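As structure tokens, here come the structures.
The two complexes that follow have chain A in common; it is paired with chain B in the first and with chain C in the second.
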Partner chain A sequence: METLRFVAGRFLQDRVALIGAVLILLLVLAAVFAPWLATHPQDVSEFHPADRLQGPSLAHFLGTDRMGSDVYSRLLYGARITITIAVIAISVSVLIGVPVGLVAGYYRGWFSELLMRVSDIFLAVPQIVLAIAIAQTLGPSIENVILALSATYWPFWARLVYAETRSIQNEVFIEASIALGVSPLRVMITHILPNIMSSIIVRTTIGMGGTILTAAALGFLGLGPPAPSPEWGRTIAESREFLPDAWWYATAPGLAIFLVVMGFNLLGDGLRDILDPKIRRSRTHDR
Partner chain B sequence: MTDAAIDPNASASADDVAILDVRQLKKHFAIRNPWGWRTGSLKALDDVSFTVRRGEILGIVGESGCGKSTLGKTLMGIHQPTDGSIVFEGNDIAGLSPSASRDLRRHLQYSYQDPGASLDPRWKIRRALHEPLVVHTDFGYDERERRVRDILQAVGLPAGHLDLYPHEISGGQQRRVGLARILTLHPSLIVLDEPTSGLDVSVQATILKLFLDLQKQFNLTYLFISHDLSVVRMICDRIAVMYLGKVVEFGDTETVFESPRHPYTQSLLAAIPDIGGRRITDTFLLEGEPPNPGDLPSGCRFRTRCLMAQPRCAESEPELRTDWPDQQAACFFAE
Partner chain C sequence: MKFLVLVVNRCLWFLPTVLGLMVITFTISHLIPADPIAAAAGENATAEQIAALRVKFGLDQPIYVQLYRYVLAVAQGDFGISLYTQRPIVFDIATRLPATLELTFVAVLIAATLGIPLGVLSATHRNSPLDHVLRVITVSGLAIAAFWLAILFQLLFAMKLGWTPLQGRVDGWGPDSVTGFFLIDAVLMGDLEILQDVAAHMILPAATLAFPAMATIVRFTRAGVLEAINSNYVMYEEAMGFPRRIIVWKYVLRNALIGTVTQIGLIFGILIANGVVVEAVFDWPGLGLYAVSSILQSDYNGIMAFAIIAGVIFIVVNLLVDITHGLIDPRESR
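Presenting the complex of A and B:
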């Protein structure tokens, strides 16, 4: 509780992290309240060819696209897709990667080696290439994008947790618990995991940004959810042929992706500084 | 689960005397080249045998790197022994992991050199003290809390400390919490690993007195691992002197301190800075560093630094000789 208040206090002083948090908050609000915020909620699936490619106006804040749909409304609904993909893909990656890293880091032997070599193989292939291969093979859909991202992202958490577990195992309090007769599972869950949690949180925050970027790239390549989905990557791909005349068409989703990814990166960097006890101590002395 | 788990028939004669019996205990660490091939072995423990009697304080002394801590950790099951037996309260526990042999090891506990570091920095003292009871017993929260408070009082800490984090209390208090954590299980034998190092002399005296008080109160037996010979002389009933993974001298503390037989013990004792008193012997001083434990000399492992070394010492290894009352030494020429 005390720690929480301390972190919250430091957080408010850290402007960069705060900007990141605000950007992410805006994304979440946009996604949750999309039906109320959107001026033309039906435009996600409806077309008005007569109004195509109109510039920003009071009727269409961000103009209209090639089908005459409202870009602003579609952007809000696109946020829902982005959040869904990122949250599920990251959760799956964490749920696979963290236990794999814990077990491989705690035990020593051929099984640990096997787990880490498998994750090395995944890491050796460029992530976007692997994701393209998976999405291409299984066909374009939200589910397959999530699957492709989960399959390519979990090794990052496995690596991180493995390294953190190995290093914390040299701490006396871990050995003391083992000597006391605490079972391996209990040591991992009650001692190791809470002590490496801050690294996992930081990695997960920054990972969200990366996942959103990769998801948009898959959408851009036509491997994301099929038309008429308002997915941001797909929207940018559709808008290319109308550049530079219909500049609003590409700028809106492009700027959205940029701000959201930057938001997660800023928040992640800020959290790293706040949660790292060594940096925390030196910063406290500075004051 | 009660503490009266000892079978009344089994605890008749032998058990009353020997609480821990260590036979030919070996712990060899593999030395590997950069390709992971085993190129040799570091003999951290080599044929260590001794018996701890119920109620005594047995001191284990020696230079750093002689295998004292490895001995303690092998007894605890943190290291797997390469060979040999460890019989604790009638059960062989060698090679069993602490969690697998939980019930057998419940009364054998280990106190770390730095008890502050042995506490999880994110856990309050209360949770740290409850943990052993959660793991070893099926007591409810109230029962555990009652026992924790009793023990806390026994080690001289106020109950208010239960709600503090380890970094919020002093080093001496952390040491008491570390002890309390072990004592909650009502152990019979505690391995104390360098329990006084890093404390200033006044705190040392308080902690030693606490050990002795607790020993009486809880009927404890201590295995006292230390390199501080004056403390060992003050507190231990018997001592074992280790050199490079082997016990070279064993006996009653006073006998060994008055008349050390092994040349290594003689040099070790001569090195104690003794204010006011007579030096035990001025004839031996330890020269040079101990040899690389991964590449031991043939025969007697002390011969490279021994002033009495003869050709015979390079040919065969001396065993512990029982030629003296209450004392044994592993040297061909000891008198």
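Presenting the complex of A and C:
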């Protein structure tokens, strides 16, 4: 409780983290309340060819697209896709990566070696390269984007948790609980995990930003959910042939991606400053 | 001696890693939901014809035999035939590789020449307006989607202002190919007009790629300088009355850059990832554009070849970074 109040206090003082949190909150609100915030909610699947490529106006805040649909309304529904992809893909990555890292860090032997070598191979290649290969093979859909991202992102958490587990394993309280006969599973979950939680939280926050960028790139390359999906990356790809005249069409979804990723990166940076005692110490040191 | 152990150790990891990468791409290519042979044989193929094709492509063999053959073929540079260009994929990739390498080198050059000094300034003028502006720029650089930045650049500089060409690598045929690097080839020809044209085509894609890379370099250089500036030798040099300029740009920077060098691997990863979409936007005839046309043509062989080549380049870069790191920082290999 004490720690929680401390973290909350620091958080409110940290303007950068606060800006990040506000941006993320805006994304969540846009996604949840899309049907009410949208001025033309039916435009996700409905087209009005007579109104195509109109500039921003009171009727269409961010103009209309090649089908005459409202860009602003589609943007809000696109937020739903972005959140769905990022949250599920990251959750799966964490659910695979954290146990792998814990087990490989706790036990020593050929199995741990094998687990870490496999993650190293995944980390040896830029994530998007394998994600492209997987998404292309399975075909363009939201499920396959999630699958491609989960399959390529879990090693980040495995690596992190492995390193952190190894580094606190020799602490007295861990040795003591082992000596007292506490089962390995219990040591991992009740003693190791809480102590490395802050690193996991920071990595996960920053990972959200990276995942959203990769998902948008996959959408841009035509590997995301197929048309008429309002996915942001796909929308930008569709807008290209109408440049430079329909500038609003390309700028709006790109700006949305930018702000959301910025939100997660700022929050991640802020949380790291707040949660990481090492940095906290060095910060006060050089002040 | 220790350094040699480091080099040998890293090189020994190279083969298993590349082998692992091949196992991954092999696995992915077996994820295809539809039966590729039935699709290739066509709708009217009889069961015997399909079985014959299966034997022809070796798909009747047990999975480990298939994997063995696959690894053997790829190791010899045989990625199969492109369904799109109908040529061996290794040819296609060899002709496109120089375009990607040239673009990447120029982008790294821009990112480093701007990023290192800016990182130092940001550290020495900590919490000044300059530092804040640079922080906003670096945070933006890591949050912006590369394909969107590319489109914005195109919209502004090529379409609205007309300062640069919209896309492509050169107008017309380009310089006589000697190295495949058009900037160098144009210089070798002594043709200033072509050199100018090549450079004009290069500015926007290189700037797009350089932006996030520069942001990373500024960040790590800043952190490195801040750490080094608090060390004892700096205090000593200050006490000895060394000019601040020399302390920072000569002694501190050299130590700070060690941290930046270790991030080159990370930067290269960003460049390869962004290269795909940036080449797609600028119609840059490199590896990334090849990957994109393979995606559009559903050319699985092309995609897998791209994944392996991009992966191997990335692994080699990281290997070189580790070795360089051992060279410039003797503490590493002690």
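Keep this in mind: the second predicted complex is superposed on the first by the 277 of 287 C-alpha atoms of A that agree within 3 Å, B and C clash if a C-alpha of one lies under 4 Å from a C-alpha of the other, contacts with A are read in each partner's own complex, and residues count from 1 in each chain.
In the analysis below, a residue touches a chain if its C-beta (ideal position, glycine included) is under 8 Å from a C-beta of that chain, and two chains touch if they have at least 3 such contacts.
Everything numeric in this text was worked out from a predicted model, so none of it was measured.
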{"item": "Combined model on chain A where chain B meets chain C, clash or fit", "value": "fit"}
{"item": "Which superposed partner A:V182 touches (first chain B, second chain C, both, neither)", "value": "first"}
{"item": "Which partner, chain B or chain C, touches more chain A residues", "value": "C"}
{"item": "Touched partner set for A:A252, first chain B, second chain C, both or neither", "value": "neither"}
{"item": "Touching partner for A:H191 - first (chain B), second (chain C), both, neither", "value": "first"}
{"item": "First (chain B), second (chain C), both or neither touched by A:L275", "value": "neither"}
{"item": "First (chain B), second (chain C), both or neither touched by A:L75", "value": "neither"}
{"item": "First (chain B), second (chain C), both or neither touched by A:A217", "value": "second"}
{"item": "Which of chain B and chain C A:D120 touches, first, second, both or neither", "value": "second"}
{"item": "First (chain B), second (chain C), both or neither touched by A:L102", "value": "neither"}
{"item": "Distance of closest approach, chain C and chain B, by C-alpha atoms in Å", "value": "7"}
{"item": "Contact footprint of chain A on chain B as seen in their complex", "value": "73, 76-78, 98-99, 102, 105-106, 109-110, 112, 114, 117-122, 131-132, 135-136, 181-182"}
{"item": "Interfacial residue positions of chain A with respect to chain B in the complex", "value": "171-173, 175-184, 186, 191, 194-195"}
{"item": "Of chain C, residues touching chain A in the complex", "value": "16-17, 20-21, 24-25, 28-29, 31-33, 139-140, 142-148, 151-152, 154-155, 159-160, 226, 230, 269-270, 272-273, 276-277, 280-281, 291-292, 294-296, 298, 300, 303-304, 306-307, 310-311, 314-315, 318"}
{"item": "Of chain A, residues touching chain C in the complex", "value": "117-118, 120-122, 124-130, 132-134, 136-139, 209, 213-214, 216-217, 220-223, 233, 236-237, 240, 243-244, 247, 250-251, 254, 257-258, 261-262, 265-266, 269, 285-286"}
